Each structure stands twice: as structure tokens, then as C-alpha cells.
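The next block holds one structure in the form of C-alpha cells; read it before the comments.
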Amino acid sequence: MSVVFDSREQWLHGAWLTVQLTLYGCALALVLALVFGLVGTSRHMWLRALNRVYVEFFRGTATLVLLYWFFYALPLVGVQINSKLVCAVLALGLNVGAYGAEVVRGSVNSLPKAQVEAVIALNFTPYQRMRRVLLPQAFALMLPPFGNLVIELMKGSAIVYTIGLVDLTKVSKNVQGFSGETVAPFLAVLVFYFVIAQILQLLVRYAERRVDRMLGRRPSREPSLSAVAAGAPGVKAAS
Amino acid sequence: MPPTDTAPEAPTPEEESPGVSKEKKGGREEDGDGAAAALPHGDAPGIRFEKVVKRFGSNVVLRELDFAVEPGERVTLIGPSGSGKTTILRLLMTLEKLDDGLIWIGDDTLWHMDKGGRRVPANQRHLHEMRKQVGMVFQQFNLFPNMNVLRNLTEGPVRVLRASKDEAVERARGLLDMVGLSDKENAHPSQLSGGQQQRVAIARALAMQPKVLLLDEVTSALDPELVVGVQDLLRDIARESDLTMLCVTHEMNFAKDISNRVLMFDQGQIVEEGPPDRIFGEPAEQRTRDFLQAVLAS
Amino acid sequence: MQWNWNYTWDILPDLLDGLRTTVVATLLGYVIALLLGMVWTLLRRSPSRVFNGVVRWVTEFVRSTPLIPQLFFVYYVLPSWGLTIGPLTAGVITLGIHYSTYTAEVYRAGISDIPRGQWEACTALNLPRSRVWLDVVLPQAIRRVIPTLGNYLIAMFKDSPQLLVIQVTEMLLAAYKAGTESYRMLEPITLVGVLFIVVSVISSILVRRLERRYATN
């Protein structure tokens, strides 16, 4: 284990890059998820089509393939992305954003019809409906699957080591390289990821509790099948 | 661990209660149409609650409740929701655990058993034996959606009573005939209306040849136009069988027709009891009058 | 850079070879995930709380750490304990173990989503425990979880390129190798992307059909 301790600086730098990737990736994914998800609940067919194209395309590709494409192929058609970090954030954000869009669309669509009818009866404008009544409720439904997606994105960030970014995974590989040890670095890296995931989970739980309180709901202890299904990678949200 | 059914003696003898009601009219058309034949006949046990206590957390639902049901008697429990009526049925079906007191079915206690002269909490085997006498029909039917109607009816007899497949199917067909659903034996529950599902559920309960039948708001989940069919069926069953029946319902006319006695509950205690004519005609207690008024007004 | 069709046709056989490896790894891993997930679920139902806790944390650990370091662990660490396995085997095992923690959660949720009335009906009918599971609970639970399990198959398929970190020549690595040989990355990587989209869009259509078919009423 001493090799891990001796290289603690590298580990911390690696962890910091992993955290950064997670934050930036999540920010991009959240924006994309809201935009394309809400577009998917529109009454206009071509807007819904836009949602389908985005979702099917970016959910259908493997993130690693997407990353390779941004990094190796895109420059060849004249689009040079200078920063590896930007490449990585784009690949992660676009991919997870597609799952997020499905979560948003599914959550809004799964609100009870009565809620929609109630706001229509109150003569809210479509924007008010969404902003004042539907989104706050849908948000509570979105949070648990979003929480899963955050962790998926954090885990997904391990692929960036393949284009030479020095994240936690790359550090473990480096440490193995110069020390020749395998057990310590590869166990340590898993523990690092686990700790980050647990911290993220705590944050998500905290957010869930706040939203539940806001809506006066009792949080459920164990996720139901639809909740498990909604946040899973490659999974269509309940709609 | 699958409970074993190899009790040495036949399951009937010990609950030979003293006053089995024999005053049933002998004139039920025996074997007249196979329908009556499908109904269980035999010595129904009585039921007795002795200082029964049931709590949910800090909420005491039943506090030292005492009451008895005679063998073959049909009793309806009425009262405001939350008064503990359904809990009584669920305790009898062992769906809820007893907190204190004794529940007797026939000459044996449901939740306790005798161990070297001492009364100890019942084990699974004892519960399994005791449950053989009891059947229940649920508000939400609770049919098995993955099985067709016939299989819903034969599953229990084959797996629990160790009936042969042919025997179970034959009995099931008799029961389906009785509930008027002979043509639905291959249908799945989802293809049936609520009323049909409930009739199947009644047949399923009877297929286990219980001696006590518990009816838990069996028509509450049904559309109004489907209620009558289920109620008529239960009236027939009440008339033609000598089951001990406990029924929770909000349908006062149905309660009047089906029962020998009505118990009015409030807050886990019996407020008033008597024959249906008197309870519905001239209730003695103010709480009963209020309740009946509220129900009739709705 | 212009798209070169001749070159595209030239590398296609290599990529399809890689696709075969991808599919094999995915399917074998899936079998492990399905079976091992069942094992986790059963272990979680054991009466011992300590044991439950251990199982819960082990699965949580595997589930919340990335596949790539797990691949390293299996591929590089096991040999130092005297267990040498080839890259493909290591990849399949890791993929299977990783996703078994997901399928376990699916099974658990599928079982706990079964309405209480079903369990109560079983009690009322006095059905023995084995029959409750075999005849009532599992048939309903499996029906409910089939679409979700199908989705995990797709997810595993899309995670399988990560096996290249331990030199499994699946489709992406095959493309990369072809690309470095000829100094043309555009066609191979794009082609891999297209193949992935085609396969996963088709399979999600199939899964959606499953979903509709097994939709619970």
C-alpha cells in the first residue's frame, strides 16, 4: 500500500480531474436533458422528432466510441477540438444528456392527467403550467433517476484515460507502471471511485429529501422497478 | 421449507363443537344441479375472540375485544372505517399478527398452540393447519394474473390439499358453473370484468373447502352495476351452505339479507349487536344511528 | 478529408470480426450477469442482517465503481494470485460481475413490486412457500423485469468497447488498429459508431416491443 501513499499527489490530481469531469459533464447533461426532454413533451410533431433524433442517436452510441470519434475522427473533417477535456465533457455530457432527456420527458408525461387538467381549468398559460405546477412535481420524479445518472457519468468518466487524460484510472495505471505492483494501485483506485460515488449519493439523497419535503411526500426506502428502470443506462424512462 | 401436509388424521374430527347448528332447512336440493354440491358441507367451527389486542405502532386498533360467532352463524361487521372490522378478518386469516389475547377457531387457538401443557405462540405448521379451515375473499380479488381462471381454482387444491389434478379440475368446473362462469375457465383474470373476477375469487376460496368464509368488502371495488351479481351469488352461498361466515360490508341491504347477526363496531369495540332487523330497524345506540344515517345518506 | 468508400469496404471485414467478439463478450457476460444477479438477490433475502449488510455493500461497491479499473483489477491482479486468464475471459467475467449488481437490483425491485394482495392470497390459500415462489411470485416478477433486463443487455453491448483497455480486439479496437495502419481514422471510427447505433436502435425497438407485450395491467 505504500506505493499508493507515496504517490498521493498524483492520486489527488487524478481524483480532482474525475470530479471536474463529473461536474462539467453533469452540467452539460442537465442542460441538454431539460431542453431536449421538454421538447419531447411538446404538442408539435417536429419538436418531438427533434427529441427522438437526439435521444436515439446519443443513447445508441457507446460513449467510448463517441469519444474516439471526437478525438480521432472529427479533426479529420476539419473540426479541431483543442482540449482533450472538452472532448471528454462533450462525449460524456451528450451521452448522459440523452438518458436525462428521457427521464425528463417520462416524468412530465407521467404526471397525473388531473394535474394538467387542473391547471388548464385555472387558465394558466402553457408556460405557467410548466413552470409553476408541472415541472416542480416532475422534478421530484426526476431526482432519483438523475441521481443514478450522475453516478453513471462519474463512472463513465474512466474512459477518458484512453485519450491520455490523467484521471484516477490513468493514475492507477501509471502507479502500476512504475512500481510494478498491481494489487495496491488497482484496489486503491476502486476505493477512490467508491468514495466519490458515496459522496455523490449523499448529495443526491439530501436533494431528494428536500424535494420530498417540499411536495409533502414520504420518501420511499427502496426504489421500485420503474425507478430502477428509469435511471439505468440504456433504459427508456417510464412514459 | 414446504410445510408438510401429512397430518396423521383427517383434518375434520377435533373441531367437533357442541352446538353445530343443525337447524338448516334440510330442503336444499342435494345434487340438484351440481352447484350446491360444489359447496363445502360439514361441521363448521365457531369463532371466539378473547381479549384480543391489535396495535399498529402506537395506534391501538382492537383493545381487549371479546366476541363469539356460533358455528354456522353468519355475522356482518359494520362500522366507520378504521374501526377495526377488516383487522378482525385479517387476524383470522393470519395476515396480521396478534398482539395479545386469544382467538379460538372451534376448540383450538389460532395464534397459540399447546406445547407440553403450556400455551406457546403458534409455529408455521400450526398456522398452516389452522388456516385450512378458513377462506377469504378480498376487496381487490387478488387473483393470480399469471394463471388462467381454472388454474387459479386448482392451484390450492392440488398444491395444498394434495388433490389429484382431475379431481381438482372437476371441482373447479363445478364451482365455476355455480358462479356462472363456466365459459371463462381459460380466460386470464385481466380479461374479466371486476364482477367476474370477484366471482372467480369466491370460487377460488370455496375450492379450498373452508369451513369459515371471510368476506372483506367484497363489492367495494366493483362498479355499481356489477355489485348485484356478486351479492346474489353470496346470498345463494349463504343459503345453501353451512359455512360460518364473517362479512365486512358497507352495503346494508346485503348485510340484512346475508347475516343472522350484525355487530356494530367503533374504535375497536362492539357498540351494539343484534339481528339485522333490529339493528337496521331500531338501533339502540346513538352511534349506530349516526353511522346508519351517514351510510344511507351517501 | 474526403470519405473514402474503397477504404471503407476494405476495413469492413476486420470490423465485422471485431463485432463478433463484441457480441460474444456481451452475450457471455450477460449470462453471467443474469445468473449472478439472481444469486445476489437470494443472498440479500437471507435472515442474517450482518450477512445482508455485507452482500449489500459488496454489490454497492461493484456497482458504483467504473468498469475499466475493474477490468484492470481482474486482468492484472488475478495473475499475481496465480490465476492467469486471457483478456477476453477477463473481460467477459468483469462485464458479467459488473452488471450482475444491476440485474440484482432489477430482480429485487421486480419482486417487491408484486402487490401485497398476491402474497395475502397465497396465505389465504395456504400455499406452501415453494409454490408461492414458483407458481405466483417468480412468474409475475420475471414478466415485469424482462424489458428492463433487455435494456441492460443493450447497455452491456455499449459498454463492451471498454474491453479494449485490456487488449480485447472488439469492434472499436479493430477499427483503431485498422486506422493506425493506414493513417485514416475517419472511416473506421465512424463506421463503428454507425454499427453501434444500428444495433442498439434495432434492439431498443425490440425491447420496447417486449415492454408493450409485458406491460402490466
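Just so it is clear, A, B and C label the chains in written order, and each chain counts residues from 1 on its own.
The criterion applied here is as follows: a residue touches a chain if its C-beta (ideal position, glycine included) is under 8 Å from a C-beta of that chain, and two chains touch if they have at least 3 such contacts.
This one's a predicted model, so the numbers in the text were calculated from it and none came from an experiment.
The central chain here, found by comparing per-chain C-alpha centres with the mean of all protein C-alpha atoms, is C. Note: the chain lying farthest from chain A is B, by mean C-alpha position.
Taking the mean of the C-alpha atoms as each chain's centre, chain A and chain C sit 19 Å apart. Each chain gets a centre from the mean of its Cα atoms; for chain A and chain B, those two points are 52 Å apart. Rounded to whole angstrom units, the spacing between the C-alpha centres of chain B and chain C is 48.
Those residues of chain C whose C-beta lies close enough to touch chain A in the complex are 1, 61, 64-70, 72-73, 76-77, 80, 102, 105-106, 108-110, 112-113, 144-145, 147-148, 151-152, 154-155, 157-162, 164-165, 172, 176, 179, 184-186, 189-190, 192-193, 196-197, 200-201, 204, 207-208, 211.
Across the complex, chain B meets chain C through its residues 1-3, 93-95, 128, 131-132, 134-136, 138, 140-147, 155-156, 159-160, 190, 204-205, 208.
Residues of chain A that touch chain C in their complex: 56-57, 59-66, 68-69, 72-73, 76-78, 151, 154-159, 161-162, 168-169, 172-173, 176, 182-183, 186-187, 189-190, 193-194, 197-198, 201, 222-225, 227-229, 232-236. By the touch criterion given at the top, residues 115, 117-118, 120-121, 123-131, 135-136, 139-140, 143, 216-217 of chain C touch chain B in their complex.
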